[in-house]
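First subunit A sits with subunit B, and in the next complex the same chain sits with subunit C.
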Partner chain A sequence: MSKYVETLLKYATVFSALIVLVLFGFLTYFTLPLFAEGQITELFSLHWRPFHGEFGILPMIAGTLALAISALLIAYPLGLGICLFVHGLGPRWLARPILLLIHGMTGIPTVVYGFVAVFLLVPLLRNNFSHGSGFSLLAASLTLSILILPTIVLLINSQLEQIVPKLRLTTTALGISRIHELTRISLPAASYGLLAAAILGFGRAVGDTLIALMVAGNAAQIPGSAFDSIRTLTAHIALVVATDSQSTTYHSLFACGLILFLTTASVNLLLHRIKHRACRETNYE
Partner chain B sequence: MEPTRMKHQPFCIIKNLQVSFHGRTVLQKINLTLSDSGIIVLVGPSGSGKTTFLRSLNRLNEHYPGYSGSGKIELKLPGSMQDIQDIHSTDLEVTELRRQVGMVFQTPNVLPVSIAQNINLPLKLVTGLDKVEREARLIEVLQEVHLWDEVKDRLKESSSRLSGGQQQRLCLARVLALKPKVLLLDEPTASLDFKASHRIEDLLIELQDRYQIIAVSHSLRQARRIAGQILVMKEGQIEHLLKKEQFEDLEMLQKLLDEIF
Partner chain C sequence: MRHGLLPSLFFTVLLMLFYTLPATAEELDRFAGLKGKIDIAGGTAHIPVMKDAARHIMTKYPQITITVAGGGSGVGIQKVAEGLVDIGNAGRPISAKEREKYPRLRSFPFAVDGVAPAVNPANIVSELTSIQIQNIFSGKINNWKDVGGDDAEIHIYNRDEASGTRSVFWKKCLNKGAVVESANIVASNGAMKVAVSQDRYALGYMSIGHLDNTVKALGLDGVAPTQENAINGHYPIVRKLFMNTNGAPAPLVKAFIDYVMSSEGAANISNHGYIPLQ
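Here is the complex of A and B:
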């Protein structure tokens, strides 16, 4: 029986790896014509005007980076704060409900966040800041930060859960205050989790489509301020696919896909490397 | 080095100490005066409340969920006898109490940092000493626990690479660096082999003139070897406080303990 299971698992692994390879090959194959026809320079231009023969995806790359980084900048400190609160800065009885809430957040469909943002956050921004329609980088990054918050909290929390209980009695007996214990001993010891949370949070922010599509405004421009409308690579693919399936416009999408694929792959490889290093260090000890 | 303390003076007065967790009584109505006559060793069967008694003296019981306690404990700390249970006292913060009443646990609990940082970091966070003073204190305490020669060339290495016995001596050094008055040791040799245990015992005998030591032990042999007084506990109460002359004869002690248990 175990032999069958083993064989089945082996095939499943090979199959999964093959799918990823096929995906990569497929994206590369469809991107190649851009290289062959010398349109690659056009691809990395600042203008997306397909009717004028300009297929620049730089605004989308900039939009994606601006959104992912700003969402991370909001969600990461918030997530870290929540973890510190749960692990001793806040009252003990509140820790469990907060973690349950965060766990619950992972189950909420993205479209719900987007929907709520469109009807609550966007009008709020539109009415309070006399700048644009409210569909903006700021609206998207605020919404996206809520979406990636559980990823960050749960990752850091899982590390702290392994570290803090072992240290708490020792540090308490030494007369070290809770805040000192967390910031000077536990957090440095949880550096793998802290880094992994940042990388995974970033990866999740880059990969999200719906929030950007619904809330960011989708103007293909380099954002000059937080109130500017932006378009991300993911939203760009979704928008163009819905309207076009021919021509260079269509091919340029594969370049977007390839960039996203490589970003996600890099995020995962980086994570794997850090994990490997963390494990090696632990074995040393 | 600390000056030798006044012998045979009371240093701990306990009145009606009662401790329970989640409503289950662990220590009941303990009334006791401990005087300064060498190491005090607590013995008794498992579950008799030895560790809880020890933790009452640095208020570590409060760290555990479901704790409730009553009674009064006075400890002789610099100045005078101080009521350590009085949580509203502004004279003695609980963190300061724990600095003055240091504790070493059953299994060595080194912090996940280097050997030097294990001593430096608590010293910095608790006392706020500057770097030069900390360096001096580090060398002083590592010499005091006879660990200096073994680690002086690898102070920056991870402390988890030390042997169990070395880690336990490092934990002791870490507590000593904070200049405590009282040392609480909860079966400090339980996880160590014979040789390492013997070494810790020798060390405690050396330290007994400078610190008031209260230790829990499972081993009668160990208790007889290091103790100045033996405190026998049973079912959350103090059954006997034995003076040195009462336990020097192993047969007599064994007979007494057989009667108690």
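Here is the complex of A and C:
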């Protein structure tokens, strides 16, 4: 019986791995004609005006990076703060409810955040600042930061949960304050978790489609300020995929897909390497 | 008073039966003996008409299932050509390239739709010239005070590249002119209505069939975007709405198309603000 299970699992693994490879091959295959026809240089131009024969996707790459990085800059310190609060800076009775709340947040569908942002956050930004319609980089990064917050908190927390209880008795006996213990001893020891949280949060932010599509405004321009309307690669694919499937406009989407695929793949590879190194280091101890 | 509710309810139901039965009896007869499933996808302007037709048919003939999805004109054409749906809706004719790739496609135009520039009901502007609209979309005018409104920035809302609504607005109102890159892009007629109804200083455009009191349609060069003006040719931004099938439609699909184009279907089309084609 266990033999069957083993073979079944083996095939399932091979199958899953194959799907990823096929996906990569598929995207490359469809991007190749762009290389062959020399249109690849057009892709890396600053203007997306498909009706005038310009297919630049640089604004979308810039939009994706600006959104992912700014969302991470908001969510990461917040997430780190929540973890420190839970592990000793805040009252102990609050720790469990907060973690439960964060766990609960992972189950909220993205579209709910997007919907709430469209009806609450966007009008708020529109009415309080003279520039822009509210659909902006700022609105999207605030919304997205809430989406990636649980990822960051849960990753750092899982690492601290392994480290803090082991150290607490010693540090308390040595008379080290909580803040010192957390910032000087626990956090450095949790460096893998800290890095992994940042990378995974970034990956999640790059891959999200719906929030950018609903809240960021989708203007294909290089963002000049936080109040500018921006378009991400994911939202770009969602918007353009319905066009005439025989046009260059449509074919350029495969290049966007390939860039996204490579970005998330490298994020995962990076994560794998860090994990590997972290495991080795802990073994030496 | 005590017996007020029941008799009035009874009367309402009777009235409803009176109005629906005689009309539906003949036009819906074409579905007698047919059963199966019709999948419809594509243009978002078509959805209200398709849903109403589907509801009438499925109420009388429960053995028939009709699903209606959006996706946009390009998706409609591609899906029907690849055999994924039975009817692919499009708010534009089939392009030369699509025609070349999918020679079997057949188009059934069934209605004319107008596309109207729209603003928030709180906006004091109620009319623009096409030159003004072109200047706003190209970025030469960016404040409402330059066109007779409040002193506030104009927030332009545009549609995605796949939109048939965008295509006709760009050709017939913007005269294929440039559009500023900072314009917001929304993905459907419905999303456009939400955006414009929320934003006091918005300027967008949408299919006449989607207009309601949450937004204000603008007069264009002195002509109001109404059904009458579209029929008599005074209002210029109009287009045909198409249903497309891959080759000759199967009997059930044919019955659906005939029903949409029947006198009852025409009433349904007019109800949603479009103009039925004979």
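Heads up, the rule we're going with is that the second predicted complex is superposed on the first by the 283 of 285 C-alpha atoms of A that agree within 3 Å, B and C clash if a C-alpha of one lies under 4 Å from a C-alpha of the other, contacts with A are read in each partner's own complex, and residues count from 1 in each chain.
Keep in mind that, in the parts below, a contact is a pair of C-beta atoms (placed from the backbone, for glycine too) under 8 Å apart; a residue touches a chain by one contact, two chains touch by 3 or more.
Note that the coordinates shown come from a computational prediction; the quantities given were computed from them, not determined experimentally.
Determine, under the contact definition given at the top, whether A:His276 touches first (subunit B), second (subunit C), both, or neither.
The answer is neither, since A:His276 touches no partner chain.
With the two complexes superposed on chain A, say which partner A:Thr172 touches: subunit B (first), subunit C (second), both, or neither.
first
Give one of first, second, both or neither to describe whether A:Lys10 is in contact with subunit B, with subunit C, with both, or with none.
So A:Lys10 meets neither subunit B nor subunit C here.
Scan A:His103 for contacts with subunit B and subunit C and give back first, second, both or neither.
Neither partner.
When the two structures are overlaid on chain A, which partner does A:Leu213 contact: first (subunit B), second (subunit C), both, or neither?
Second partner only, subunit C.
Based on the superposed arrangement, let me know which partner A:Ile185 touches: subunit B (first), subunit C (second), both, or neither?
In the superposed model, A:Ile185 contacts subunit B only, not subunit C.
Touch test for A:Thr243: subunit B only (first), subunit C only (second), both, or neither?
A:Thr243: touches subunit C, not subunit B.
Spot which of subunit B and subunit C makes contact with more residues of subunit A, would you?
C
Enumerate the contact residues on subunit B facing subunit A in the complex.
Those in contact with subunit A are residues 58, 60, 63, 65, 94-99, 102-103, 105, 109, 111-113, 121-122, 125-126, 158, 160-161, 174-175, 178.
For the complex, which residues does subunit A have touching subunit C?
47-51, 59, 118-119, 122-123, 126, 130-135, 213, 217-221, 228-229, 231, 238-247, 249-250
Help me check something: in the complex, which residues belonging to subunit C touch subunit A?
Residues 71-75, 77-78, 95, 97-98, 100-101, 153, 155, 157, 160-162, 170, 176, 178, 181-187, 194-195, 198-199, 201-202 of subunit C touch subunit A in their complex.
Which subunit A residues qualify as touching subunit B in the complex?
Listed in rising order, the residues are 92, 163, 166-177, 180, 184-185, 188-189, 284-285.
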